[in-house]
């Protein structure tokens, strides 16, 4: 099927088109983002730490993303476990409602949260963004953790209980380690979504913008663009590194437990 | 002696579904006790109520004379070997076996290690401690599950269809092993199985269950020779059923003739009029040549046969009986195998009959 | 009733309580608030709480809103079509033509580009499609065009291209997952019964992958229609979409009720289209079963 392979390679080219440009312009000695290229320089990278607002926005984003990841994964664990193990009245509607943000355009979530927060007179700041991000990340965590909990043999928990452990120590010693790959997956996904998210942050951020919101403000200043490119390059490199590490961890985790590698965080 | 497990009128409902209907049974200390029955008969539910994973709806459940209502599974003096073995995949074999010892503050690490090694030796897995649990075969996993449960010295060991996942040869081997192990540790074993051969081989006593009730509770020999009902007779081993008419202490059996019967051969009470008579395949024989019949005799025609190597099973059509009876013959040296359509003299014994209503 | 059963339910309820309450407070309440807002009016900074249908009447009568809504639907539809159609072959390729131990590598390769911040990616598309951008300068160097194409830089076409790129993995992954689930022996059976490769694809693979395609369509269409960044950066005046108008109403025109109204209408339209799509799919699948 050579035409299919050819198509696949073309498609990959299409996918990589923008980001190939990223390092090109990050090292380009010009403030104009266009061809032809001017020359090699690292001054844009050097400028990053010298732009305090930029560094501050990265800090803000990371704080928000970490908190969001922790919160949404915890909520996700609660919901996935409740869904997998227990029956209670209105189970399906409750679970459906929690997953609703998946099918809502983010702008709707952003404006509706803004309306409520303003009506309550609450100040906008880190926490408002965290709440908004957690709202949209939790469904993703639930989706990932659902399959992790579904793959858990229920008799393992029963065996631990039978051997004398309490419910909580059973969860701690048996359940948690076995769903850990799912938990790590959920943490990474929600961290990434939060880090990258723009529209909710745009509406709900206070005086300290997140990185995407800061970048948005910078895009109208042409001389700032190359620094943005440089930062983008670093972020991509870091993310790829993180992903590779996560993939290694996942494979080791599977090998340690003797499972089969079904491929990826799917 | 107080029975180690005692159930009185135990009922269990799942919503409106009546899973256990008035179970009464006592299990003695040191017994190898089996719960036998087809799928859905309630045997696993009963096992799980003894373990504490299900609460009974009404009735009493006593372990060593103590009422277990409200006592959760992790506090009961029972331990379970699960059907899937439930070996913790992220722990080593030794960590699995030592799992239940975590809360034992009176043991230091060395003492625990010694116990683990003893336990593994007892199940034939000496030296396996350091292995990763997920790298074991099915039979090995089962032994780890046994070691893990037995190390806690429970009063009762509960086994939920432990051999159903193993292939035939391994199953036979493990049946002997389990029996030997039980005698060695002296702990009461309660085993759930749907395989009647397995129950017969391993158990001191068997409770046959159908639809949430105990149909018969007896030792293997009594169960096999004197089944209480047609259903039990049919479930345990192979039983031929022949139409018959009873009057007083005699029965006229289709295809066999008239026979005198003792009361103990009538588990449902002495019948009158139309009834069914059961007879096992190995109690009938083919007579070759002029061989005299040891007890009674009749004639029949070979309808079908199945050669098993050590035995041959014949389906014989008897006079006046529509359904063929099954008869088994050992393939002794010099004994020939009959062919389809051959007529033969069949010997049978009155004492082997069981009369059902 | 035994207590055990009740404690199971109690445990389940207490476990689901945190996420459920969270969703209730942060989703149910705000959505209700938005819905309520659409019936109020705002004058500069004061809100008049008398319920009125004024906003809805304005939204439905002023042509600009209808135009914007229609354009959003058309652009989202085009994006969905392009993305899903382009994604299917690659999902198929990875599922059927890549060795199992390599599949995760390919999925990995596909997802790497999307670890670039969305904003930066859109900006880069602006660069690629721009006047002096990569596309124009290469086409001109190759002599295929005389003057730079203006249609691809600040236009709905730019929006479609950019969004199709942005949502590619959202389309690829569900289709891939459903293709992976197909029992390969079904395809062998089809070949054994005499069908060609292509017909096996049409009669076996494609129908069985429909759930993944449906998921892909919804996962792409719904967020696309509400996208803000791409139309803003590469859409030009003709490429703006409903989210841009909602933002303008809220943050620039100080007309939160109008923004809320547009949001409600947009949600309604999205829900209706999605339900129609799902319904049509069910009918189609049922028809095949019969």
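For reference, chains read A, B and C in written order, and residue numbers begin at 1 within each chain.
The rule is simple: contacts are C-beta pairs under 8 Å (C-beta built on N, C-alpha and C of every residue); 3 or more make two chains touch, one makes a residue touch a chain.
If you're wondering where the values come from, they're calculated on a predicted model, not measured in any experiment.
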Chain whose average C-alpha position is farthest from chain A's own: B
Per-chain Cα centre nearest the global Cα centre, belonging to chain: A
Contact pairs, highest-scoring chain pair: A-C
Distance from chain C to chain B - Cα centre to Cα centre, in angstrom: 60
Centroid distance [mean C-alpha coordinates] between chain B and chain A, Å: 56
Chain A and chain C, separation of their C-alpha mean positions in angstrom: 18
Junction residues of chain B, two or more chains touched: none
Touching residues on chain B, where the partner in the complex is chain A: 51-53, 72-75, 78-80, 82-84, 86, 88-90, 99-100, 102-103, 132-135, 145, 148-149, 152
In the complex with chain C, residue positions of chain A that touch it: 1, 4-5, 7-8, 11-12, 14-19, 21-22, 25, 33-35, 74-76, 78-79, 81-83, 85-89, 91, 94-95, 97-98, 100-101, 103-109, 111-116, 119, 131-132, 134-135, 138, 142, 192, 195-196, 198-199, 202-203, 211-212, 215-216, 219, 225, 228-229, 232, 235-236, 239-240, 243, 247, 261, 263-264, 266
Touch list for chain C against partner chain A, complex: 8-9, 11-13, 15-20, 22-24, 26-31, 33-34, 37, 86, 89-90, 92-94, 97, 100-101, 103-104, 107-113, 115-121, 123-125, 127-128, 130, 132-134, 137, 165, 168, 173, 176-177, 218, 222-223, 225-229, 233, 243, 246-247, 250-251, 256, 259-260, 263, 266-267, 270, 274
Parts of chain A lying in touch with chain B, wherever the complex brings them together: 153, 155-156, 158-166, 174, 177-178, 256-259
